[in-house]
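By letter and in written order, the chains are A, B, C, D, E and F; residue numbering begins at 1 in each of them.
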Amino acid sequence: MHQPTDALASPRFTGVRTFARLPHVPEIAGADVAIHGMPWDGGTSFRSGSRFGPEAIRSMSALLRPYNPAVGVMVFGNLSVVDAGDAPTVPGYIEHTLPRIEEFVSGIIDRGAIPLGMGGDHSVALAELRAVAKRHGPVAYVQLDAHHDLWDAYNGLPYNHGTFAKRAIEEGLIDPAKSLQAGQRGSLYGPDDYEVAADLGIRLVPWQELRHWTPAQFGEAVEKRAGDAPLFLSFDIDFVDPGVAPGTGTPEVGGPSADQALDFVRALKGRNLIGGDVVEVAPQYDGPGQQTALMAANVLYEMLSLIALRRA
Amino acid sequence: MHQPTDALASPRFTGVRTFARLPHVPEIAGADVAIHGMPWDGGTSFRSGSRFGPEAIRSMSALLRPYNPAVGVMVFGNLSVVDAGDAPTVPGYIEHTLPRIEEFVSGIIDRGAIPLGMGGDHSVALAELRAVAKRHGPVAYVQLDAHHDLWDAYNGLPYNHGTFAKRAIEEGLIDPAKSLQAGQRGSLYGPDDYEVAADLGIRLVPWQELRHWTPAQFGEAVEKRAGDAPLFLSFDIDFVDPGVAPGTGTPEVGGPSADQALDFVRALKGRNLIGGDVVEVAPQYDGPGQQTALMAANVLYEMLSLIALRRA
Amino acid sequence: MHQPTDALASPRFTGVRTFARLPHVPEIAGADVAIHGMPWDGGTSFRSGSRFGPEAIRSMSALLRPYNPAVGVMVFGNLSVVDAGDAPTVPGYIEHTLPRIEEFVSGIIDRGAIPLGMGGDHSVALAELRAVAKRHGPVAYVQLDAHHDLWDAYNGLPYNHGTFAKRAIEEGLIDPAKSLQAGQRGSLYGPDDYEVAADLGIRLVPWQELRHWTPAQFGEAVEKRAGDAPLFLSFDIDFVDPGVAPGTGTPEVGGPSADQALDFVRALKGRNLIGGDVVEVAPQYDGPGQQTALMAANVLYEMLSLIALRRA
Amino acid sequence: MHQPTDALASPRFTGVRTFARLPHVPEIAGADVAIHGMPWDGGTSFRSGSRFGPEAIRSMSALLRPYNPAVGVMVFGNLSVVDAGDAPTVPGYIEHTLPRIEEFVSGIIDRGAIPLGMGGDHSVALAELRAVAKRHGPVAYVQLDAHHDLWDAYNGLPYNHGTFAKRAIEEGLIDPAKSLQAGQRGSLYGPDDYEVAADLGIRLVPWQELRHWTPAQFGEAVEKRAGDAPLFLSFDIDFVDPGVAPGTGTPEVGGPSADQALDFVRALKGRNLIGGDVVEVAPQYDGPGQQTALMAANVLYEMLSLIALRRA
Amino acid sequence: MHQPTDALASPRFTGVRTFARLPHVPEIAGADVAIHGMPWDGGTSFRSGSRFGPEAIRSMSALLRPYNPAVGVMVFGNLSVVDAGDAPTVPGYIEHTLPRIEEFVSGIIDRGAIPLGMGGDHSVALAELRAVAKRHGPVAYVQLDAHHDLWDAYNGLPYNHGTFAKRAIEEGLIDPAKSLQAGQRGSLYGPDDYEVAADLGIRLVPWQELRHWTPAQFGEAVEKRAGDAPLFLSFDIDFVDPGVAPGTGTPEVGGPSADQALDFVRALKGRNLIGGDVVEVAPQYDGPGQQTALMAANVLYEMLSLIALRRA
Amino acid sequence: MHQPTDALASPRFTGVRTFARLPHVPEIAGADVAIHGMPWDGGTSFRSGSRFGPEAIRSMSALLRPYNPAVGVMVFGNLSVVDAGDAPTVPGYIEHTLPRIEEFVSGIIDRGAIPLGMGGDHSVALAELRAVAKRHGPVAYVQLDAHHDLWDAYNGLPYNHGTFAKRAIEEGLIDPAKSLQAGQRGSLYGPDDYEVAADLGIRLVPWQELRHWTPAQFGEAVEKRAGDAPLFLSFDIDFVDPGVAPGTGTPEVGGPSADQALDFVRALKGRNLIGGDVVEVAPQYDGPGQQTALMAANVLYEMLSLIALRRA
């Protein structure tokens, strides 16, 4: 079973950086979960740089240990996990990049592993969703994010990190009736911006509402919509307060603390997670302490915990 | 009507940086509100650098969009807003600088616009208050700040960012009976430091007290004092927890989160805002993600929202 | 009586940097408290750099003033405090370094002053505890920290920042029955990791539990265990949320805000503090605003306040 | 005549940032030269971020004054210069972006001004060259750059910052017989990499050769090829040693010092400069002192000086 | 005799930071040389921050050892040197600050020590020159600097870092016939800017000329003018190429390398140095490696060497 | 044959970071050269942090391509090279760490590959030299370094980065008569500091002398001493001017430019290189552009070129 290098025997700052010091296994054979990078930032509307997000998350994930006391599960003892490396991308050409990421993620799924991705800007989720929908049909979809990414177009062109979720609904990758977005905040283009979610059939819980919910309430809202359907969880790091996670491209002030943000992920306990990602980590804008990349590594760790808990 | 450049047509990282991508209109003609910079840091007692505050706030304000969902108002659709550029300053000479800022702000008021300023260290507020008092008489004054700035002198000299509020009361620019300061915290020179506020007739709500208030309670406390009097709101960015807003000259640990801080501003809904500012942004001490400048841009956006709501 | 330089007469950015601008008095004569540095990072398991922690804390402590309004005590008016300089260390040789720090701290105690230390990685606390136990016998011990530091060995070797607390219990420096650790969080090596505390007789309150306590509850829990016994308080800066205090070697996401963290220290009011430290400040990983060092300076200031309050 | 704001009357850190504090004149009327930004980094093969290059160059160009003593010309007294703002771009879509930049630059040329561009990654030069060739036919072309950018394709796709120069030759925008590239260094894909230049008819002077030339020799080599033909000068900031100019996407160690680099530009005195640019400034990777952006601003200033000298 | 702490016995990162780990002796008794800080940046025309210059130089000067092999002299073995602390300053009030610095420096001179100052912006040199001229009469003056600082006024006001040298000549503090400025470069306000030097009687050697001189030629030029007259050497850190020393307020591209810059100082061997300074270190703009502060510390070390050599 | 991933097919920012994107092959089978990391900074006398040097060098080495035009050799086409990962280390225990590194390097040599190491502080070279001497006997040794590292002890203890070279001679790992150190500069403990080299029989060429040599002269000096003996080349990154390579622990101002430094390595063409390293890269002190790590990657690339040239 694929396990991380033991930190008590070999210091955590040693070794070629893979996620959580897991073995780098491009062929993925026999893994329950494959962590993979999607180094692409061509769909970014403000600050680029998330093409180095996977490198940064790998670097800080060296701090992860096998057992998660917050939810009481042995993550790496129960799951065989690998770092599958990075999907190929083509700088400057979003329409050539998305199919390559899709194919890469499909390769993971075809080998029987659950894909957990490290972005890369959020447009990569369209590729991931194409891959998971190819296997599972329209999936339940939960998006924790300061933005809904349901805009129609920028400059009249269809693909970028602010439009991908609308595309995913249009392409039938997501079942909106089973899906939910939460955490949206910040200024908008107009008073109807949030209504587009209702029009498309997906539930939207803005941060102004979510901040008054308990994690349990959030978990129930997701359970009510998604039930046991195959569920893809997309976590945009800008969901978190930029005071905590400044290293991202389109920060919106306010938002959950680190504890709150992790609690919302933990609230999905019991759901049928068949894929997920953490996106929009732009290490150029992170502090020298790389707190944003560390946060992202921990979010992925909580996703691994959800999978381990369900399998346990 | 003066409006920002449309971000769906032209990416937000393009163009000469003005506040919120608004037109740069030094003559101000026909504007409801004029955003302006006050690049001065000569009154700083610890870390200088806020002379570059206006540049940093302008840079991050590119992320602002027209509609504010938190309070439900179309900011730029209802108001004509311009970036009036920067007031002149004279490095090294505070007594020559304050009159120049005062004259600049008076020019805005004379043209019928509400001035919203970007600091610069807090001593600039004395110049702004001189300008607004010239028009409105002694104003109601609300200061959200980790410090009360009511000290008498540093080194025996009268003007700097720790003494300006006392000067403003002494000069009759502020009506202390209608005014309130909130958020003060951190170590002091002696046990009587906060009593000077009472002695001067202004209410002071230290952070140790304010942190237990709801925003509504704060709004009521301001309403009770200020009623519908012309009100100037001065927001020192060091009001916010330095974990969230580190880019400032005299940080005090603790303080509100970004959400809390914005809520306190929003609580002034209904008041008669005739001027305001955000001061003490020192971008040299901000993180690479410029989260402090972004916070400041959003505070100004909430002030614009207060004005738009009252006019709606 | 040793007092800081007056900031109203001489700007706080002037002068050779000592803690809170106190006199640098290596001989310590006549001081109630001696602040001292322990520039050592050889016991660090991930990011080194805390050897420059004392310099950074001294730099930001220039912002401290004499009176603490949060607890209502004149700190520097009631106490004679000095900066005793730094303990000697030997890079690369932990077994030669610890005795030198111990001797240095013993020198402070022998001159009748309470030692408050600035780390340095947490392994220095073993040296401090050896010094205080030599005078006071096994002490009550409170550790606010994201880690319990009760692991047995790294690479089969006994001394580093993750094992020192176990060594301290084994050496009889701490009375576990009077002691308590709080704030532990983050991933672990296995499900039994926290049980080692119970096995060793020390109480452990993980962050998942502590976050639901009031400061008063924490104060009572400490009082119940420690009573009036001589108490050493060790504050690892990684106890605080890395969003607030990123400048540290082994950050764990989540944790208390600055206000919460200070409240937990203030809750020890009335206890018999005979020593303390703040450790693990690594300024290389702090933001440009040095918010972590400022936080550490304030934690030491709250410890001084506890001593001043008890003596008042 | 369009002139910068006077720095002796108004401090250089004041005002909305335009190049050299020149007026922002989008319509360009009556200008001899129009400085403009091309905020695009979608053609970048390694580190993105140059979409913020124009903002950074504008910021540091505030230090420029009217007279250039190195070449003895009054730059702003002899030339009417404006900041024309930024060309539109479409993140993620290089094939939609290049025509928009081309149209923008054509607009400048059509109004009778010489375009001097601020990149943006080097792929923008293809758009500029299309615009200048539309007016002037195939131009003489000088490229100071650590790379020749004559590769055929990346990932089988034609447009990016490493292939644009080959495209420009293929499209007949450049007359290779009149053109020269200099400064190339660093590792290559194979021993034939530099021969492609000869195959395409353009002269290539690698840094290993150029470093032994005087500026005068370089000037003569350019004169010999270009004579008085319309000449476009493209200056990739990675031409300069990354010790001096680290803020760029694909740095190559070694290269000219700042003095040397400026001398090579000055050596073009007398040539018929009809356009130029400075590209690949990525401020996220610059030092806090923004030395790379300052270098870029000075290179543009030397280009302005070349134009002023020729007109004088 | 005052000597630094021995680095072979106590690591250089330990101890309260003083220049070169020398004793902090405010009373200066018995010292040959007194290093002192002048934390003032109110005379800065662009980037403020040099009030923290003395702290940064002290921090990096920990790397200095007693013997200077480049010139073959035991610096600390031959000279008794102390760190005299910082001169008092009054933020915002240049006309109150200069007399305080003057008095502080006079105190050093009156106690028989040579003052070597750490700036602070260059306006502090006016205060230093007033102090030395009070003792020595008009002095020979050498200024290594990218600017001549002979402008008449900014905003019509007399004192700042760009005008102080003119003031010093006008006040008769400097004997221009014995003085020389070198290294000036960068853009100017007009073609006559350098002629003001000749008009005032001081020799000016611009960088375009100096860069072709050997250090020996420079030494001879100074010797020719100054002979054995009391000489004050003022070294503006912006004399050095900003690639090497980016941490300063008004950088000008180009300029000497570190080796060249030190050679120009060493060339003053034999001169009668009675005072000196290094100014304009702004650590906020330095790289994380603090290379500018290290350079400044070494320039002061070379000045100490000049004094030691002359006394040897 | 082990080769890097092709950058024309897969962008250089993708993939798990290994040196030059080479395969990570811990078993080393069939490689001509094995690049390996030595993440250890416990022997550092000033700024720690070089334990993250290998990670930083790997990150920036992604920019390397197969062909080296400066010396005309296909590096990766001629050599089979792997990234062997990192040697084990034990933080805090230098005497336990050195044997583990030695064993790791011996493993590489035993498998027939040439070890090229990435530091780590310079004390790791003692371990490397023990490994190479075990195979080759006392080797010829060339050290490019700002320091000679021939001091006897710090704090009376034998092993650290300033003493290792003396230890290596004492242990008979180096044949001093065949060896040479060059580049030493900066202040020293006393006038005899450099004479210790002569006393130990090794030639020392200080930077004050070396800066006047051509690379060819340096090559001849090495050839004269080492001839065709097995030669180990140790390159301390602080050899390079800190303006170019600031990211290191004990910088000394002055020193070679990047071009000069590479030329000195290239001058060893023809020598019998049987091992080498680049040490003292501390990325915490590097600029955001990571120019120091890039320089280090290129130095290793030149060492690979020397090996490829000799085998060609």
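Simple rule for what comes next: a residue touches a chain if its C-beta (ideal position, glycine included) is under 8 Å from a C-beta of that chain, and two chains touch if they have at least 3 such contacts.
All values reported here derive from a predicted model rather than from experimental measurement.
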| item | value |
| --- | --- |
| Same or different residue numbers at the subunit A/subunit B copy interface, by half rule | different |
| Selected interface, C-F versus D-E, where C-beta contact pairs are more numerous | D-E |
| Chain of greatest Cα-centre distance to subunit C | D |
| Chain separated most widely from subunit A, comparing mean CA positions | E |
| Approximate Å spacing (C-alpha centroids) for the pair subunit D, subunit F | 37 |
| Rounded Å distance between subunit A and subunit F, as computed from the means of their C-alpha atoms | 40 |
| Residues within subunit C bordering two or more other chains | 10-11, 13, 45, 47, 51-52, 88, 90-91, 154-155, 241, 243-244, 257, 284-285, 287-288 |
| Full enumeration of touching chain pairs | A-B, A-C, A-D, A-F, B-C, B-D, B-E, C-E, C-F, D-E, D-F, E-F |
| Residues of subunit F touching subunit E in the complex | 45-47, 151, 153-155, 185-191, 193-194, 206, 208, 211, 241-244, 246-248, 250-255, 257, 284-287, 292 |
| Subunit C-touching residues of subunit E, taken from the complex the two chains share | 10-11, 13-18, 24, 37, 39, 51-52, 55, 58-59, 83, 85-91, 284, 288 |
| Contacting residues of subunit F [partner subunit D, same complex] | 7-13, 62-70, 72, 74-75, 77, 241, 243-245, 257-259, 262, 287-291, 294-295, 298, 301 |
| Residues of subunit D touching subunit A in the complex | 41-45, 47-49, 51-52, 88, 90-94, 96, 123, 154-155, 157, 159-160, 284-285 |
